[in-house]
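In what follows, a structure is listed as structure tokens, so that the remarks can point back to it.
A, B, C and D are the chain letters, set down in written order, and residue numbers restart from 1 in every chain.
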Amino acid sequence: MTMKKKKTIFTAVVLAILLAACIVVDMTLPTYHIAVTVIKKATVYALVAVSMNLLNGFTGLFSLGQAGFMLLGAYAYGVLTIPVAKKASVYQYFDGGAIPFSVPEIFAGFLGETVGTVVGMLFCLLIGGLLAALMAYLIGLPVLRLKSDYLAIATLGFAEILRAFFQWNALGPITNGSNLLKSYPTFGKATPYVLLAGLMIAVILLLINSTYGRAFKAIRDDEVAAEAMGINLAKHKRMAFIISSFFAGIGGGMMAMYMGTIAAAPFKSSLTYEILLIVVIGGIGSITGSVLASFLYIFSSEWLLRGLDSGTFLGINAPDIFKNGFRMAVFSVIIMVIVLFFRKGIMGDKELPDLIDPKYRRKKRKEAAGK
Amino acid sequence: MSKSVLKIENATMQFGGVVAVDNLNLEINEGEIVALIGPNGAGKTTAFNVTTGVYQPTNGAVWFCGEKVIENHPQGKMKKLYKGEHDGEYTHVLAPTPDKITKMGMARTFQNIRLWKSQTVFDNVLIAKHCRATSNVFSATFRLNRKEEARQRQEVLELLEVVGLADVKDELATSLPYGKQRRLEIARALAAEPKLLLLDEPAAGMNPQETDELTAFIGEIRDKFHLTIFLIEHHMNLVMNISDRIYVLDFGKLIAEGTPTEIQNNKRVIDAYLGVAEDA
Amino acid sequence: MKKFFALALTLAMTLSLAACGAKEQAPAASAPASAGNKVVKVGVYEPQTGDNGAGGKQEILGIEYAHYLYPTVEIGGETYDVKLEIVDNRTTPENGPSAAAELINRDVSIVLGSYGSGVSMAGGAVFSEAGMPALGTSCTNPQVTADCDVYFRLAFLDPFQGTVLANYAYNELGVDTAYTLAMLGSDYDQGLVYYFTEAFKALGGTVINEDFPEGSANFVSYVNNAKAAGAGVIFAPVSINYAQLIVEASAAQAYEGALLGSDTWDNNKVIEAATGEDIRAFVTTFYQEGGAPEFDSGIKEWLNANPDQLTNNGGNDMIAAVTAVGYDAYLTALEALKLAGSPDRAAVLKAMPSVSFEGVTGLIEFDSIGDAKRDGAFIKTANTVDGVWDFVKIQTVQ
Amino acid sequence: MQELFPYLLNGVSVGGQYALIAIGYTLVYGILRLINFAHGDVFMVAGLVMVYSTTSMPIYLAIPLVLVATVALGFTIERVAYKPLRTAPRMSVMISAIGVSYLIQNLAFYITGGVPQPVSNPIPWISDNVVLFGASTKRVTLITPFLTIFLVIALVYLINNTKIGMAMRAAAKDFETAQLMGIKINSVISMTFVIGSFLAAVGSMLYFTNYPSVAITSGGMPGLKAFVAAVFGGIGSIPGAVVGAFIIGLCEEIIKGLGYTTFSDAFTFALLIVVLCVKPTGLFGEKVTDKV
């Protein structure tokens, strides 16, 4: 019991320190500072990576549709929150669009300007999540019967179809066709992102440790045994798919907030691959790993390693080698090294509290000795 | 004592042109331990799979506790290919998935151990309790089901105590020795709270001492949990010691049925096991 | 933890290997560091990679050439060395915000760019938060400046360009059916097509609009569709890569009508694809070689002096209009810095509207929205024999 | 008919190009049960090699170089990224495939500077224009289907009549048993990658002669579509992949011709999902059942 208590305290302390650091960053740095940008982007990626991990890591369903669900969330958020006054300019080719209201403004009408807008924004995020969940339900009916790699390719295909629909000019009055959605309200500071994503991740964590989460893991470990032990495969797979998509949808909405503009183009399969590789780096089956890997990945790619692309890195000036694309080349080499030689990723299947657990340390030493 | 728990009625399982189980009829009554034996490839595991819903029989029905739970008749291509008997007697299709069968009160183990490898002993058993949980995904996620969860955990602890795995409850299931893994699989099946327990070669790979222990164990749990047990086994010691009745399968067909003594003296059974010389 | 170290080690090794391979290069020759001077930084927000990478690089060349000619600026009586901070926005809007934030992080006084509208809009939001003045180069979508107080622009706008092309097609080429082709998801393409269609229909013509998905390579059926529709002109305001492929496909299918392109087409890769083929192509653009002979000869000499620069320009010393725009952008920025009297970005932002400057692409003055006042566009046609763009006329719209 | 003809001509040609890529997918999947996500990128690299080699050496050296380089790349990918994971779960191998695809694209990005590379010296003769029944097209369009069929026949002959072909069939039927029977499984797998890459290289040269610009993402779409073709025809079946590829090529061009250009890519994926749900074994595929 004391171990459990220790773990709880350890986790609480770490999380509190992180949150405090984030608040300090917000108070001392302007919103356009690269540190704030990195935190915002990394938090969004963390949420999506965790949602993908729920499906791929904990339920063993290899789905590559994450970008599609993010797209839905992002569009739902953008379409519903653009201020009425800005509609004419955003939907310049579509006569101001087909949706004559803005949800945050409606909420602002009876909750007051600040509170109402924030509530409206959160509400629209939720709608985005629900829309993604609904779509997951519909897609899941036929697709979830497929086996591993077929499922992957079918979900990938679905995301591509969705993208074509959102760029279709006939839907322009809602989606603005190929043109950007913009001018919608966003959170400038990093703390709201951290709190929001943290909350969502906490919910996913609770789910994973509940009886349903255990059933998901049973399906991952052995489908046949799980079914024989009374776990309804179709129902539980669908449930995992819908829940994962819901959070991917919310992640998409937050991504829209972070980017400030929405287009369908960024939500390509390459985005899904990027998230998948983050999950792999962090460790398939570890929430902490996914979060950690998101921050590492975004921090290095957006900030730390930028020098690799622009001539100078660590004081070495070599424009012939440190030119465009070197950063990503180095990155993909690292990823391949992880995929091939460190298959468990940073965290394996451990979580934050396990780091102080002597049991895991012992095991590790044993493993090392075994080698 | 005479209440029927499981009744397999005219079940035929045909894969393409191969008849794996041919017109199988058997009945198991409450509290019995019944064994299904036969040479390798006789169709024993297939019969299990038909009973538990893994395969849908080509023709025939399965009754559980007086209710018809599985029924099928040849359809599509099978109509022409069907080689079994009782064609046309069954007209309905009733094909529940294995999880539904388990919820009705049948739980099984596997010939080749299928534990959840990344889970601890405790969690392996706890997961099997999932099918008895009444909470929905929301109440479970937000811990509104605390009472149920606590009760289930308590039950699992007690169960592990009974099967003698309490001391290793936090070990990974795969780190257990072979015999204990077998035991854990039985414990997991018990956690699903079955009326009928199906054991697929529970003693496979065990030495005589372990087999004896298992024999005693099976008897124990039958009494303790008021179970009916249906098992497949090759260890004749175990079968003869604990079975109330035995069914013998060869080439998919039932060739004998009776008490252990009757079976031991049945000529067809001996022939099936030892082979018959063509010109004898 | 051990894995962590292993990872770090791998990273370090990769880097050090790379470093060993690299020859230590002398700092770029174009920055004569007169040690005592203060430094003012000018940010360059351009795509160097992705679909617009080629165009972005040409624009950067213009900026670099201008910087080579004018490496210092007089601000408030003091001489400052100008330092260019170039960041790649990778063509796509999702990479815009972080590239923009990176520029602000490097504390530049003004930002130049970008080639492409979508990414400019994405960056605009960040610049606006930081109060960073931005000078759009060849982004032509009206929304870049419309909703953004800090964005100014040198290029003409899509409504103007679309109308110019529609007029040219209808009146000068005598075509009454037009076929438009735009990439799905590119608001530059779609915007131009929209304005072209409006104008062409207003003139009494018919227009067939079609889109192609990103990453398409096979344009044969699109050209066949245009042929089947009896279109006398294919209007495809697409990025350079697709322009090449459309030129190729039209040639292969022996399309007899004219190809109509926007400012993106004014590129030597496109003319290369057209050379030796039996096609007709017309483009609108900002600048025509020969418009400022001194600039022409100077930049050609500069380009030829360095093989890398030549490669970035597409392999020869032909001057793209965007290069001229880049050149003007840099000089406009210096003008704004002088006017502001301080490298402080707020001061520069305040000075921007009052800039008046005669550049190689014409007089540069901003209207109330922040767009340069432009009333004419250059129309050029592809000379498929010599492989150059020939000047046709300057088209204006009332 | 006169109006339809150019679309059909183009569709058959596109189908031929897809077929050459699809065979690579289907062969590898048949043996390793792995979707080789990197195959499309191998195809793209072949295009890049062609761009660089044709500008720096005579054509009779450039073409063999493209073939050799592509085959070497396919072989290396298998040895480095898939072989070490032979006993790993399927998801790991697939992730490795995605990782390789990511790596190739990023390396290509680094080398090309992220800018699409035009094919400025296309292979002569086949890139010339010809007129057939009033429809103008490049000669390569006409050659592609015939070359494809010829190569497929050669491949089928190889698989049915040679020792290595027999080994490949055995490995596809039952990986483990084939291994037990003394078949050198690693050389069989390498061989499938070599054949797949060789055909992809040929397909690549035809494709990029027709559409002369190579971007780092150029392999993505043709790769995915070829994969869909392989699934459509029944994955593991060579004739299936070829028939599937021709059907998809034709459908795609006809859909463009009908004016649904927005959905020309989406259609392929919709077809994929429908096929997977209705008949996952495709046109010619065999049913595989899992054993409990």
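What we mean here is this: a contact is a pair of C-beta atoms (placed from the backbone, for glycine too) under 8 Å apart; a residue touches a chain by one contact, two chains touch by 3 or more.
This one's a predicted model, so the numbers in the text were calculated from it and none came from an experiment.
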How many links in the shortest chain of touching chains run from subunit A to subunit C? 1
Most widely separated chain from subunit B, with each centre as the mean of CA atoms: C
Just give me the whole-number Å value for how far the CA centre of subunit B lies from that of subunit C. 72
Distance-wise, how many Å sit between the C-alpha centres of subunit C and subunit D, to the nearest whole number? 36
So what's the Cα centroid distance for subunit B and subunit D, whole Å? 47
Would you mind pulling out the distance in Å between where the CA atoms of subunit A average out and where those of subunit D do? 32
For subunit B, residues that touch 2 or more chains besides their own: 54, 110
Using the touch rule from the top of the page, what residues of subunit A touch 2 or more other chains? 163-164, 167-169, 224, 324-326, 333
Within subunit C, the set of residues that touch 2 or more other chains is 48-49, 184, 211, 213
Mind listing the subunit A positions that touch subunit D in their complex? 56, 60, 62, 142-143, 145-146, 148-150, 152-154, 156-158, 160-161, 163-165, 167-169, 224, 269, 273, 276-277, 280, 284, 323-326, 328-329, 331-333, 335-336, 339-340, 343
Touching residues of subunit B toward subunit A in the complex: what are they? 52, 54, 97-100, 102-103, 107-108, 110, 114-119, 123, 126-133, 135, 137, 140-143, 145, 149, 152, 188-189, 192
Subunit A partner contacts - residues on subunit D that touch it in the complex: 33-35, 80-81, 84-85, 88, 90-92, 94-96, 98-103, 105-107, 109-111, 113-114, 220, 224, 227-228, 231, 262-263, 265-266, 268-270, 272-273, 276-277, 280, 292
Complex interface listing, subunit A residues touching subunit B: 203, 206-207, 210-212, 214-215, 217-218, 220-222, 224-234, 239, 243, 285, 349
Within the complex, subunit A is touched by subunit C residues 2-4, 6-7, 10-11, 14-15, 18-19, 21-25, 27, 48-49, 86-88, 92-94, 96-98, 100-102, 104-105, 118, 121-122, 125-126, 129-130, 132, 142-143, 146-147, 182-187, 189-191, 194, 209, 211, 213-214
